[in-house]
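Handing you this structure, nothing more for now.
Should a chain be cited, it is by its letter among A, B and C, assigned in written order, with residues numbered from 1 in that chain.
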Amino acid sequence: MNEALFTANNVWMLVATVLVFVMHLGFSALEAGFVQRKNTVNILFKNAMIIAIGLLTYCLIGFNLMYPGTNAGGFFGFAGFGLNMPAGEAGGIGYADGAYTYYTDFIFQGMFAATAATIVSGAVAERIKLNAFLVFAALFVAISYPITGMWKWGAGWLDAAGFYDFAGSSLVHAVGGWGALAAVLLLGARRGKYTRNGIKPIPGHSMPLAAIGVFLLWFGWFGFNGGSVLSADPVAVSLVFVTTALAASAGAVGAFIVSYSLFKSHDLSMVLNGILGGLVGITAGADVMTPTDAILIGGIAGMVIPVSVVFFDRIKVDDPVGATSVHLVCGVWGTLAVGIFGAKASLAQLWVQFYGTMSIGLFTFVFAFSLMYLLKVTIGIRVSEEDEERGLDVSEHDMEAYEEGTVTEPAYQLSVK
Amino acid sequence: MNEALFTANNVWMLVATVLVFVMHLGFSALEAGFVQRKNTVNILFKNAMIIAIGLLTYCLIGFNLMYPGTNAGGFFGFAGFGLNMPAGEAGGIGYADGAYTYYTDFIFQGMFAATAATIVSGAVAERIKLNAFLVFAALFVAISYPITGMWKWGAGWLDAAGFYDFAGSSLVHAVGGWGALAAVLLLGARRGKYTRNGIKPIPGHSMPLAAIGVFLLWFGWFGFNGGSVLSADPVAVSLVFVTTALAASAGAVGAFIVSYSLFKSHDLSMVLNGILGGLVGITAGADVMTPTDAILIGGIAGMVIPVSVVFFDRIKVDDPVGATSVHLVCGVWGTLAVGIFGAKASLAQLWVQFYGTMSIGLFTFVFAFSLMYLLKVTIGIRVSEEDEERGLDVSEHDMEAYEEGTVTEPAYQLSVK
Amino acid sequence: MNEALFTANNVWMLVATVLVFVMHLGFSALEAGFVQRKNTVNILFKNAMIIAIGLLTYCLIGFNLMYPGTNAGGFFGFAGFGLNMPAGEAGGIGYADGAYTYYTDFIFQGMFAATAATIVSGAVAERIKLNAFLVFAALFVAISYPITGMWKWGAGWLDAAGFYDFAGSSLVHAVGGWGALAAVLLLGARRGKYTRNGIKPIPGHSMPLAAIGVFLLWFGWFGFNGGSVLSADPVAVSLVFVTTALAASAGAVGAFIVSYSLFKSHDLSMVLNGILGGLVGITAGADVMTPTDAILIGGIAGMVIPVSVVFFDRIKVDDPVGATSVHLVCGVWGTLAVGIFGAKASLAQLWVQFYGTMSIGLFTFVFAFSLMYLLKVTIGIRVSEEDEERGLDVSEHDMEAYEEGTVTEPAYQLSVK
C-alpha cells in the first residue's frame, strides 16, 4: 500500500470522526433548545453522559459485537471484550484495505454508536428518571445497536441479502427512532400535554440553541456520510458531500412549503426538523444518488416532517423534539428510497430495503420495549408528578440552567458549609 | 496525476468546504445576538433558508453562470442548467489540474455563494418582510453574485485586466455589503432609531450569541481563505493561515484601540466587528502578503470599524449588525490593499483594484436596488408599524425565541386542536 | 521527501490548528456560562482579546523564545524578533523532517500559546481589572509560557533530562493553572463568597453555554493532542484519538460517581469538569498509553475533580470556573501518570516527571505572582466594591450581555448623539 495515500485516507477518516463527535454537541443543543427551561440541565447532563457511556461500552463490548469478524451472513457474533489491535501491519497500514488503522476504525464507529441513544434522549425528555435512562442508554448502545449493526455492516445476514444502508438511515437513525417510540409508549406523555380541551403546546425554551444544534448536526453530517465512504476516495466523498448538502437544503424547502400551506405560518422548528429529515433521508443512499435524486429524497423527507409531527401528536405520542418524525419516519423513508431512486433502484432492491428496515426495527423495538418495561416495573422510569411540575433540573440536579428564577444551592456547595 | 497527492488535495478542499459551511452558523449566531429578542426567530429562519436556497439555486444556475467555461475575458456566460459532471477522468482526478473533483468544486463554491445573501440579512434585520427577503436573497445569490464572480474567478474581463481578489474581499464581502446598502436605503431605518433627540441605541439581545458567531466565523475563515488556494499546497495554505489569523488579531487590537480612544470604554461589539473587519480585509490578498503586511492590513481594517459604524449611524443608514462597515468598507479596503502591500503592490495594480471593486460594486448595487425597488412597489418590503413594534417573531412566525414572555401557540399546534 | 505524504501531513497539522483554535471558543463559552450574568460581556471581551494578543506576541517574540534553535539543553534562548521563514526547501517541504512547513509550525504552536492565558481568565473572573488582566496575559503568554515551553519542546534542559510531556499537561495546562493560582491568591475571593455563615454558592448564569464550551473543548482536543504527533502518522494519531476520547469519557464517569457519592446529586458542572479533567490528564501521555491506561488515567482525573473543587473552596481559593482543579491538579496528575502507566512507566521516569512539572510550576508561579504583584502595587488589579456589585459589564464595558435588565446605552452610541 502506498504510504502517502494511506495517510491521506486516514486523515480524512479522523476528520470525519471529529465531525461525527460534534454531532453530539448538535444533539445536546437541539434537545436543550426544544425542552422547557426547567429541564435544560437534565437534558445536557444526559447528553454528556451518553457520549461517555457510549464510547466506554463500545470499547468494552459494542465494537466486537458489531464487527465479530466471523459468522458471516449470521445474526450474532462476538469477538471478545475490549480492543485488541491486530499485530504488525494489520493494525496499521495493512488494515481495512489500506484505508485506515484499527484505532481509526474503532473511534469512527464508536462516535456513531452513541448517536442512537442520543436520539432517544430527546423523545423521552422532561419526564424520565435519570438513572433509569442512563441504564437504558448504556444497554441500548452496548447491545442492541451493535447487533442490528452487525446484520449489515458486520457482514451479517442482511448484508448477504443485498440490503443497502450506506451510512445508517436504518442502522443508526431508525434504530434510535424505534427505541424512542418504545420508550415514549411506556413512559406516556408529559402531564398537561393532551387535555380534554385539546393538545396543549409546550414550546421549547430557546430557539437559538435549537438552531445552533441543527447547524452543527448538518456540519457533522458531512463527516457522518462523508466518512462512511471508509476512505478519502475523491469522487465518492465529494459526491456524498453534494447529495448530503442538497438533501438537507431540499428538506428545509420541503418543510417550509408544507408547513406554510398547512399552518399559514413560517414555522422555524419545522424548517429545522426539515433539514434534519432531509439529512436522515439521504443517509442510506448518499453514495448512489445523483444530485437530482438527492433533492427529491430530501425534499420529500422535508415535506413529510410537518405531517408526521401532527400525526404523532394526534395519536398522543408525545415527543418534545420530534425525534420519531425525523429519525424513525425519515430513516425508514431514506432506506426505502434506495430501492426507488439512484443506481440501485429496482423492485427487488425495494423489497430487501423494506424487510431489512422492518427487521431491524422489530428487533430494536422489542429490545427497547422489553428493557424499558423491565426498568418500569423495577426501579421505575417516570419522575413524580411533583418533580415533573418543578422541573427535573431542581429535582434531579439541585441546580438551574440559568441565573434567574429561584436560585437553588448546588449540592456540593451545601456540603461544604 | 499522483493519486495520493490528488487525494490529499481533495481532502483539504472538502475540509475547507465544511469550514465555510459553518460560517453560516457563525452568521446566524452573530446576527441573532445583535438583534432584539423579539426578532430572533426571524433572523434564524432567514439564515436557515438562505443556505438552503443558496445551495439549490447555485446548483440550478449559479455555478454555471459563474464558471461558464467559455467566453473568457467577457461579462457574461452560461453553461446551462444543473450539474453535469464531465465524463471520465475529467470529473475525477483529471479535473482542476488534479487538485479536486468536479463535485468538490461545486460544493466548495456553493458554500461561498450563499454567504453574500447572508451578509444582507443582518443589515435589513428587524423590519423587512420575510417573503420579500427570501425572493431577494434567492435572485441575488442565483444571478447577481455569480455574474460579478465570473468577471474574476470565471476568467472574465476583470481577470483579463489583472484584477486580484484571492478569496473574495470584493467578490463575496463587498458584494454582500453593496447589496445590504441598497436594501437598507430602500427599507429605511428601524422605527425609533433616529429621533429628534438623537440616535437611540438598540442593543442586541445576546452578547454570548454574537461572540460565538464571531469565533465560528474566524474558525470557518481558515477554510474560506485556506480553501481558496484551490489545493493543499503546503507553503501556500500555511501562509494563508498565518496571514488570516494575524489580520484577525490585529483587527481586534485596532478596533480596541480606536474605540477605547473615542468612547473611553471597552466595547465588545467593536472588538468583535474588528476581528471580522480584519478577516474581510486580508481576504483579497491573503496569499500574497507577509505576516507583517497582514498585521498592517488587519490593524487598519480594525481601526476603521468604529469610525465607519459611527459614520453610517450619522448618515442614518441603520444596520443593526454593522454589516456595511465590516463587509463593504473593509471589503473595499482589502481589495485596494493588494495594490498597496505585498507581492503585487504597484500603482498600476492599485488602479485595477480600484476600478475592479468599483465595477463590481456598481453592478451589484444597481441589481440589488432595482430588485428591492421592484419588490417594494409590488409585494412590499416593510412590515407594518404594529408588527415591527410587536416583533417579527410573533407577527411572521407565531412563536417566540425564548420561553419567557407572552407565550404564543405555534401555528401547527393550534391547527391540531 | 515524498510530496504527497508531506501534503497529507501538512493538511492534518492545519486541521489540528483550526481545532485548537476552536478551543478558544470553547473556553469563552465555558467561562461565560460559569460566571454571573453581570460579568458575561467582560469574560467574552477578555477571551476575544487573549487570542488576538496571544497570536501577535507569539509572532513577535514567543515563537523564537520557545524554539530558539540553539542552546540545546539550556534554560533560555532567543532567535530574534518576528517570523523568518527559512529560504527555499527549508521553510517548505524540507522543514520539520518533511512533516509540515515553517508557517504551519508557527500557527499550530501559536494557537497553543494563547491557551495558557485563557486558563487564567476563568479563575480571576468577576473581580479583576480588565486592563491589568490584559497586561498580565500579554506578558504571561509572550515570556513565561515560551520559556518553560522551551525547556521541553524547544530541546531545553528538561528534554535532555528525559522529561516527557506529549501535548502539554504541564507545559500548557499546569502552566495556566499555576498562573491562575498565583493570580487568585493576590486577587482574593469574590466579595460575599466566604462568609461568617459558610461558603456562599455563586452559580454560573448559563449551563447551556458551559456545556457548549466543554463539548467544543473536547472537539478541539482531538487537534490539540492529535496534532501534537507533529505528523499525520496514521497509527500514532489514531491511537491518540482513542486515548483522548476514552480518557474524557472516563473522566465524566469518574466525576459522576464521586460527586454522586459525596453530594447525592447529579451535578452537571462536576461532570463537565470531569470531562475536562480527563482530557488534561491524558494530554502528557496520550501517545504512549493503551486504551485501558487512558481509561484509568482519565477516570482518576475525573474522580479527583469534585474532591479538588471542594478542597480549593475550603482553603478559600475562589475560582469561579474550577480552572485550578481542572488544569493545575489534573495537569500535574497527567504528567506524573506518564511515570506510572504506559510505555514509559518506571520509577526513574516518575522522578523526572515529578521534578519536571515542579520546576515548570515553580518558574511559572514565581513569574505570575511577581508580575501580578507589580500590577497590584502600580495600576491595581481589583475593581472597586461598587463595580464588583454592579458587575463588570456595566462598569468596564457600559453594556449588558442580554436585553433584559436595566438597559445601558453603549458608549459609542452616546457619543454619536
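Note that in this section a residue touches a chain if its C-beta (ideal position, glycine included) is under 8 Å from a C-beta of that chain, and two chains touch if they have at least 3 such contacts.
Bear in mind that the values here come from a model prediction, so they are computed numbers and not experimental data.
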| request: Have a look at which chains touch which and call the overall pattern line, ring, star, complete or other. | output: complete
| query | At the place where copies subunit A and subunit C touch, is the share of residue numbers found on both sides over half (same) or under half (different)? | reply | different
| Between subunit A and subunit C, what's the gap in Å when you average each chain's C-alpha atoms? | 32
| query | Could you say which residues in subunit B touch two or more other chains, in rising order? | reply | 4-5, 7-8, 11, 15, 206, 212
| query | Inside the complex, what are the residues of subunit A that reach subunit C? | reply | 3-8, 10-11, 14-15, 17-18, 21-22, 24-25, 28-29, 32, 40-41, 44-45, 47-49, 51-56, 59, 82-83, 91-93, 100-104, 106-107, 110, 130, 206, 209, 212, 396-404, 407, 409-417
| note | Within the complex, subunit C is touched by subunit B residues 2, 4-5, 7-9, 11-12, 15, 19, 36-37, 197-201, 203-208, 211-212, 214-216, 218-219, 222-223, 226, 232-235, 237-239, 241-242, 245-246, 248-253, 256, 259, 262-272, 275, 291-292, 295, 306, 309-310, 313-314
